[in-house]
């Protein structure tokens, strides 16, 4: 009943604090024979690495991942894989003030109320640095998926920054890697840059909405009830720091649809597989994948570490004002994109293994 | 790794199909000495019972719960509690057509693709009847909460039906039990009645948004990372049939806020407990409860069993049209209200027990 | 983290008390398409049914199992299977005395100390009646094994009653079903009958050693570390009422062997599979099956419900003497045989599913 | 469903191979506020460190443990604790031969058959080096027990080496730390020294029986069924490398007792707590602790890495002979003593936390 793990058969337990010696992930249930090395995982880590442009924290964290176990001569052995990332650039002094004050909107106060002790340096365990371990584990999951089910593509991107939504009519996959916001809309990228520059200079921050899509997921993955594919995706995304909402397919907007409008009509495709007239379901019906794109969105709240003064209290209960200096992300949603991709990869792999285990090839054919 | 269970220490495994002999819940980790009887659980079950007004299915399901284990002389013994509900009114003939055709927007096709066999009668395991077992287990969780932490109040209500949102300025707790929609807004109740009447007569259905609030939850509940209170709530709500989105506090709207606007400022209350200027966080920071109201919302899609003809295919892959006769809910969101309450009760109790186990009284005081 | 379940992917949660309305097992992770009906499960239940000869309790318990979910038209659907056994012959008055007194060697006192409440009727949850649910679940596991891996044979038998051990030189499989003790040694069966008759008449009871063998288990099952095949078998057997010791292969006697004597030498068989010169390992090396017979033994202590007077105390702490009337097994080891078989079947199936899930066909060939 | 973890609330996942860069344990569910540092854990690690006398392998492994997370300013924070031990002295060449040959009695062949790949250097994951991580985690569990339930003492010792059993009449606690075998019998220590010297010189090895006792464990710990205290202890001990049998209290000998002899009679002690005339139960009744000493024994088979030639096969299936050079323990049971203590500490702590969580102070009083 590990409360610091996620996944069923493919199980990831992350550990480590922002300013401890290291952080990492213990990954259990890895299929054997998967070709993987540190470089393959580093590729994904570098995408969330801070300090790459002016829109993310200027902390210099090389985030070099080491594989300490479970890989032999370039292949996974089927035993647990330990992924470790050393913490380097740690200006603890930046955090001295928050040792006594609780940042509004931050976990400072709840960690204290729960545990009676907390590592206040950089948020300790509640720091978004924890997500580096997820991204490393997600890279391992991607390698395993490529080995077991080639053709599954997982892609994340931002669809909204603050009040500004991208224009779906301009959706362009090729744009995603072309701008610092991973937004598939060149014009939005430009507008958002201006918006975020002004916000950053004012010492404020803002939220965002990230969408993650998995293409090529076979039909039949998911385990009702309660290990539904959408249930596990909702838990995976909501477990990411600062996430306040999760949507599958139509998400909250499904409330506004009639049954007639919401029902994705079914036809037979030329390849003998079912095709759908639409994908309101986000690729999941009854907790099981349909074979369509699996579409998940999540909202990331603005970081609470800002230069705007806010009213708060100290551990001893005195009223005070707080301004959080230090180097923080004006929009943490940007770096949440590779994290969302990683969680998607872990959940899809987990359910692929679960399906192999309980069902094997018993699934039903159509036609 | 039960995929048919939820919860950690307080663990609920539901079982049963819509048209099998019975369905129920096996509840593990129940604290001993809790006063409970079938009547107390029946109270909650009756709230989701169909056929109570013209806005829910006219199926007659008495949904009588029996306690088969774990209770002795009116008190829980600490051993597993088995809650069983016999299935009665079963017009299997109503479902003969869908044995061969897949309802668009329904789990028919994915269950077939996953398992190669399915109990098509009334949706079998994918039927919303499964939620009756959740409500019974939720009643048990409420009794345990009253025993261990008196004063926690859990209340669910609808805030949106189709495109029609309630008016928060008219929010009135006393209205919730006064209308068939459990909406805390008398005017909305009237408008929705007209809207749903028309929709029902047209053989269509519609979605809804349900909000569930837990008041009096102590600060410190939740287990980062990944057994966060919000993570478990997101999983619990997303696991409910037809749910497509889950929000905590501001939810998806958090994306539009600045850090300055989102940060709930902290003050000391007269009772020596922290108070907050607002509750954008929905009572949870860093996955741990703050002591404010825990606020969760979820969107329920419209039922896919409608009288509107839709294009689909048969098991043999032939194109066809389907109209789902039978007695279906025009808005399943209505009956999702007591289900959401039940899930909230189970999750809060589970985390209360987890906190007692790992933390005990080590939590930090303020002031 | 259900504490009332065992298994990983194939997961069994038993519930119910000796004198409640019913007891049963909620079985999760059942593969779909397995042909099974109540009669097939009843076959195994009848083997542990009491009152079949003078060596077991004379309680009349028909132990009729009902399948309430997860089976449709004679086949498993892949959803949870609920197995229920109604309690019938319940002479609660027989147990009135032990409501206040603690039986030495029984769970009476520990259940009271743990829970502060207990169902004293027939031992409540601590009654060996709970094992009926295990046998029903084991029958389901056997059916799934026959479906997925035909040729696995699981057989249990007694090898020792009190101080009397069977003679291995007379080992005869065909004898097992020929005597009330399931001992593969006709002469031992006769001797034990005389011994147990005398013991029973004196109002005493005695322990036993049961051995369970699984033949035809493929090499490669088991998940080091800690889901080893032997670890899970040890837990499964130790969880049976009254079991105090578990052995794999040589068991405790392995301590007396030298490395030279203990090492089962390896050769190639005519079928291209490895063969071994001996099976000190009991078919398990490093927690993984070798393909040899999986051999487990467990010791069952004598029942503590005897007619011999013993010194004890009451709930109020007063010294007293107790004689337990009622109809008890003089040697509970006899009825533990089918229970041990059931646990073996569940563990083997669970690890077969786990292996399919994580490993698939990645296992290594020899030659 | 981590298969590389043990424990429920206090959960330990070990990772690492014998000749990888490092190995360790990820420990979840640690209570906060526990004073601990690397030195405290090192104390226990040093007890199992090899090369301390001529009866253990002469490998030089400093086994220095590092705490990478979960401890801040000398106290546990309640977040996951990562314990890492770097591998140093690695003469991989010693193991070159076994890359192609399977050692009889060793996991070489089963790892290959399961995974199709294995780290053959020093046994990789199947190496007893893995137990170093357990001992480190056990040290953490001891510190938590001292913090939460002072007065619990956990002690392990050898009671048998090969055919030679200690003499219980000479049992002397003070002797345990006085001899290389941790045997509480000075005369046995001398005899065993001579016996093992001869065995070692002959290139052979031998098994042993280890007993672990926990004193001061409160009554009421354990969670029937299936998280029984004895079930979890059996699993914990059987999961240790080379263990083939586990006993609680009388263990296998319980089979020889009558109910009259086996029933530990109950009396009231002067302190108002129950006392027992004997402890055949090993401190556990119905899976729940009685308050008496918890007594567990386990048998360790002889190491299969010996200088005696044995017949075996190669990966390609050719018959061959093998002699395992290198520096191996003539009796691995010696170093299993601190490992058994560590497992006992982890299980007791886990059940203490579980009891706090589900039961709190609801337990029943006597008198």
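Labels A, B, C and D are assigned to the chains in the order they are written; within every chain, residues are numbered from 1.
As a convention for this text, a contact is a pair of C-beta atoms (placed from the backbone, for glycine too) under 8 Å apart; a residue touches a chain by one contact, two chains touch by 3 or more.
Not measured: the values here are computed from a predicted model.
**Q** Can you check which chain pair, B-D or A-D, has more C-beta pairs in contact?
**A** Comparing B-D with A-D, the pair joined by more C-beta contacts is A-D.
**Q** Based on the averaged CA atom positions, which chain is farthest from chain A?
**A** Relative to chain A, the chain whose C-alpha centre sits farthest away is C.
**Q** Round to the nearest whole Å and give the separation of the Cα centres of chain A and chain B.
**A** Each chain reduced to its C-alpha mean, chain A and chain B end up 26 Å apart.
**Q** In whole angstrom, how far does the Cα centroid of chain A sit from the Cα centroid of chain D?
**A** So the centroids are 39 Å from each other.
**Q** Between chain B and chain D, what is the separation of their C-alpha centroids in Å?
**A** One centre to the other, that is 45 Å.
**Q** Can you list every residue of chain D that touches 2 or more other chains, as numbers and ranges?
**A** Residues 1, 3-5, 8-9, 14, 29, 32-33, 78-79, 114-117, 125, 224, 354, 359, 362.
**Q** Give every residue of chain C touching chain B within the complex, in rising order.
**A** Counting only chain C, the residues touching chain B are 1-5, 8-9, 11, 13-17, 20-24, 26, 28-29, 32-33, 66, 68-70, 72, 75-82, 84, 114-119, 124-125.
**Q** Quick check on the complex: what are the chain B residues that touch chain D?
**A** These residues of chain B touch chain D: 1, 9, 29-33, 78-79, 148, 224, 353-354, 356-360, 362.
**Q** Can you list the chain C residues touching chain D in their complex?
**A** Listed in rising order, the residues are 1, 3-6, 8-9, 14, 102-107, 109-117, 125-126, 130, 160-163, 199, 204-209, 219-228, 230-235, 237-239, 241, 244-268, 272, 274, 277, 280-282, 284-291, 297, 299-306, 308, 310-313, 315-319, 333, 354-355, 359, 362-367.
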